[in-house]
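Next, two complexes with chain A in common: one pairs it with chain B, the other with chain C.
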Partner chain A sequence: MAQSPVPKATRLVKKVGLGAWLTALAADNDVMAPVTVDGKPLFRWIGAGEVGQLDLAAVHTVNSPKGGVMPQTEPMLTYSAVQDGSGGKTLDIKPAAEDRPAVLFGVRPCDAAAIDLVGKVYLTGEFTDEQYQARRDRTTVVAIACAAPAKACFCTSFDLNPGAARGADVVLYGRSGPGSVAEGDAYYAIAYTERGEAFLGGAAAKAAGVSDLPAGERDKLEKIVAAFRGLATPLGKKLGKIDVADKLEGLFESAYWEKVSSRCLSCATCTFVCPTCYCFGVADTGAGGQGVRFRYWDFCKSPQFMLMAGGHDPRPAKKNRTRQRFLHKLNYHHNRCGEYLCVGCGRCVESCPVGLHLPLVVSDVRGLQP
Partner chain B sequence: MPKSLALDPKKMKEAEAALRTQAAKLLSEGTVTVFLGHEEGWDGLPVPFFATTPGEAKRLVWNPLVAFNLAKYLLDRLTGEEKVGIVVNGCGSLALDRLLKDRRFPRERLFVVGIPCTGLLDPDKVLALPDEARQTALEGGKAEPGLFLKRCGWCDAPNPVVADVVLGEKVPEEAVPQQYPRVEEIEKMSPAERAAHFKTLYEKCIRCFACRNVCPACSCRECSLDQWEPLWLGKATVPSEQLMYHFIRAFDVAGRCIRCGECERVCSVGVPLMELNDKLMKDITELFGVQRPHVPADVEPLGQWTEGDADLEAAH
Partner chain C sequence: MSESARKLLVPEVATILEIRDETANGDTKTFKVQVDNPEGAFKHLPGQCAMISLFGVGEVMISITSSPTRGWPLELCIKRAGRVTGALHDAQIGDKVGLRGPYGNVFPVEDWKGKNLVFIAGGFALAPVRCLIDYCLAHRDWFKHIDIIYGARSPGDLCFKSDIFDRWTKERDTTVSLTVDRADEAGTWKGAVGFVPAFVEQLKPSPKDTIAITCGPPIMIKFVLQVLPKLGFTDEQTFTTLELKMQCGVGKCGRCNIGDKYVCVDGPVFNLSQIKELPSEF
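Moving on, here comes the complex of A and B:
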């Protein structure tokens, strides 16, 4: 795991230049960035006209930027019935049109790491998801180190921290270090990948006034980056390192799942705001001999998720579905990939209407008798 | 603001003690096998809790943050003969009465503990307060009107309308005119403005169904929005389907919404779901003369037919 990758390029960008940067980027790229809509910070695709709404103040947007690489609704192919020349019809199938290159801007280190983490599911093993691969290949992730982790943050309970670079092509570090970034201040922009290096040397970066590091500032930069990486997270401090994968081996039949799941609303809030939940369903829509096949976010808390044709449901109760969600994150994925399927962003803590979230389950499980 | 909104943490503390005693008694005597209430969650906010032993009943809490309506959880207990205990305040009892009037849970399997309400605070807003201000609100009972749950602002039913036993004294009730300022604003818009308004609202929706799942009026055995054959609601989150979702949801609770606003409160992305619910309630008042459309009744305007119905007249 590349915890402290070697910087490929280091630049300086003034905070006032960010708007010009995004405007220039929007000409050739789809740009996703945090904006505040009616008081709620949300990650959204923004056009050049919406650049002014950029809001990097909130550590947590309600949703994660995962939709940038896994759109909630993503066309896979189009089909149409066409005459085949001998009086019959044949099906003409075309792959979905490719979107423009994308820039995910202002992504928090936890969310950037989540993209890398989930990428392993789509891109390694026997099967490569080509559509996902293509989308990743045209996506640049520009992360921003967290100056002040939120109350529900616990990235440090994993091999992450508020200044981590995993999954990011570029990371912006506030020049004055952890603490709020004042107007007129600047960010160190550090590229950790070749894509990031090219990004910082591109025309859009020039338009934003991205400049070389002033002479003699390298020592300061290293201290600042180290300060971000050494920041504690409030919930992470309380929770410590997550350590329940082995213990959960013996708890599949525990009465705990019935108990903890009883208050679950069976909604998709936790799943859809989670940066590492990646399950999807596939459906067709169309009429008159033509249509689109698309995939869409599905959620394991739904009573329909595992329902089979014929009526059988292997996970018929909230107990089964809740257990699946947490075992997937804390045991199954750990067994398969050697790491937890969670980055400690804390969104489930903040968004679950009934307070049923991963840190709670971790702390409960620690207290259970095997 | 209704006079009943005289937030009284001391009274709630007394009610909490009485609630624990009552629930423990019901569980130990075997009157009920489970008691639906709230306990303190991870971050200090109350979360729904189901006590099954007298010992667990000690974990029940009753304080200005018990915003969550519990009645909907009865639908998880439809099968079986067990008797279920539940605590309700005024609006909690409206939610419960909704399910009872919709004949979704048998009254004889319930033991209802009612607690007259002096107002509830919005947990998210209270959690965001500085420590001192939070303490002033929760313990001192001093809270700005903006800290209360929105539904408290139009509450005219602070005393439980369904209860087997009531803990504490009734609070004075008063008529509160039901007003719908947000609906009036939308009604004034041109069709083009209105279309733009709805689009802005519903392109935010992430279709998590929390609004539907929390709603005491959404109690169908199978929800049309979940059906595959026919597919009423497409799976794609495109504007047409988003609007379809929100309009179906609102129309399916028309005449049965209790105006608790839980749909809007649990929405993580801030979709103002009550706008459509309020519009339908306002229409019911204007078309059928029902002054309290949020209160479940034995005979409801959309559940009956009379020769004088407004829609019939319009059809002629």
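Moving on, here comes the complex of A and C:
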């Protein structure tokens, strides 16, 4: 298990204070939080007026909060062509303006870890993505430990758990400990980064009545945090630790990919709900010499993903594209970065209309002959 | 750096200074481009590519065909293949494009000092090799014999005609051997006729102290890579450059991977030994 980070500050926040906290935050920040819309739990940017819809009950929002740091469509620049005085052409390009500071509130530990995991792709290597870096630099991630992991949860199959702090500036732990969805009347709010520490000491936190820990409660807090961190996940218990990276080295040509991919609808649901799917495309839109260049979530199971001008396509069949998606998560990324590109949130398990999801592939691969 | 250059995927604005037809049917053109802001004039090395874009249309990754020893403006040789390259072909001198780079790894030219070089190219894929040839010719003393073997479908499809028929043939200790798949009907082609791989087999370049660099259509590369071992070239003596669809060019967008390698940052230059390590999906 990964080393637990050292808390920088510990506070208590009453549940009744959450609304006031978010309302105060919304004055100076873009706030993304889980809300229930038409009966569906969704992560959304919310205004002060929507704070009442906050719903921290669902372990799984349908979408992950990845859009908070990787917008589904994100302008990168605007361009505008102009005729200069002498009849020549000039072209102005302006990098996209930066947004306000942001708070991603009520993020589950798996989704917070995904932000850190994917962030390494953007921020390490020969090139740093400055636009992504700027967004991360102005974003505070407030996670909430999972008191009752869902049936499809398997974060514990990785170096994660329902109380993990990876990727989070602050983690909220229900004061009554795990096991009950109600979580009691208050949360322990623990800051694990300097940003989190400042956040808990900020004006918005004061408005919410965020207070010091009551005297003598530290032992109880430590037990409760440990209980969250020791909590099992239903699917994780069945699946065990993911261990297929090496085995997959020898299975590129396996007939399995043809077999398992035949039912894929290429609908992109898995990719869009996945907190660690980060592949993007770049496109222009505009008219009359003015417009925007933006990036957008793309998906590797699309028949257009690798189709080149001229007709060449190195991944022409569903077999190739399905293999690409799972090998990226379970082998290629592991080879490059030393960890799996998955945090065990279970959304693919819940969302794939044909039941073609990562835990299934892991189980199947374990049974294949190399 | 200009304000725009600080952002990874935001290009420099550049101007098309010259457009040159390479082929008789007009499907391949070389664009000479200059960045408007001199501070944005990046330095490349042979093997590297740049993202060229038309605003409102899109971006494409194109190899830089002019040698860094020639500095700016850069030359990019582009075949009309799809939406963006089609729009570039319709562009005019003076039009503005976006340009960012340089991207990708480089040919390990320093390691080749004291050796013979054999360049084997087909069609407009002479473009990335041309950058390397000119770079090596600019450092002529580093190398022994230089062999340039080049072919195209027809005489009209041969690119960089002034280089292959004139400039390179005048270099010392340099041989240019040309072939076409089909001679023209007018009968003016007096050179060799036949596919590049067979032509290489017939010319039999010696593998002794020699590095072979090949680039062409996938089918040509495939067969050249079968011929070279027959002639005695080892996998470490044999280099090629790959291309796949790209969006970012900097290892972020998750697109151009072959197995766990990204062509944009781990390539495009690979030796045959490295190619053999890759899954067959390119």
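Rule of thumb we're sticking to: the second predicted complex is superposed on the first by the 361 of 370 C-alpha atoms of A that agree within 3 Å, B and C clash if a C-alpha of one lies under 4 Å from a C-alpha of the other, contacts with A are read in each partner's own complex, and residues count from 1 in each chain.
Here is the rule we use: a contact is a pair of C-beta atoms (placed from the backbone, for glycine too) under 8 Å apart; a residue touches a chain by one contact, two chains touch by 3 or more.
Predicted model only: the values in this text are computed from it and were never measured.
On the superposed chain A, the positions of chain B and chain C stay apart, so the two partners fit side by side. Once chain A of one complex is fitted onto chain A of the other, the partner contacts of A:130 are limited to chain C, with no touch recorded for chain B.
Taking the C-alpha centre of chain A as the vertex, the lines to the centres of chain B and chain C open to an angle of 90 degrees, rounded to the nearest 10.
When chain A is checked against chain B and against chain C, the one touching more of its residues turns out to be C.
When both complexes are overlaid on chain A, the residue A:62 reaches chain B alone and has no touch with chain C. Once chain A of one complex is fitted onto chain A of the other, the partner contacts of A:42 are limited to chain B, with no touch recorded for chain C. Residue contacts after overlaying the shared chain place A:266 against chain B, while chain C stays out of touching range. Once the two complexes are laid over each other on the shared chain, residue contacts for A:287 go to chain C alone; chain B is not touched. When the shared chain is aligned, chain B comes close enough to touch A:353, but chain C does not. With chain A used as the common frame, chain B approaches chain C to a shortest CA-CA distance of 7 Å.
Contacts of chain A with chain B, set against its contacts with chain C after fitting on chain A, overlap at residues 281, 283, 285. The part of chain B that touches chain A in the complex is made up of residues 41-43, 45, 47-50, 68, 73, 76, 204, 206-210, 212-214, 226, 234-238, 265-266, 268-270.
Only residues 37-40, 42, 62-63, 72-73, 151, 262-263, 265-269, 271-273, 281, 283, 285, 294, 296, 299, 302-304, 318, 349, 351, 353-357, 359-360, 363 of chain A touch chain B when the two sit together in their complex. Contact residues on chain A toward chain C in their complex (touch as defined above): 76-77, 79, 81, 88-91, 93-95, 121-122, 125-131, 252, 278-287, 289, 291, 293, 295, 298, 300, 305-310, 312, 314-315, 320, 324, 327-328, 331-333, 335-336. Of all residues in chain C, those touching chain A in their complex are 3-4, 6-11, 13, 36, 53, 55-60, 79, 81-85, 94-96, 98, 218, 244-245, 247-248, 250-255, 257-260, 265, 279, 281-282.
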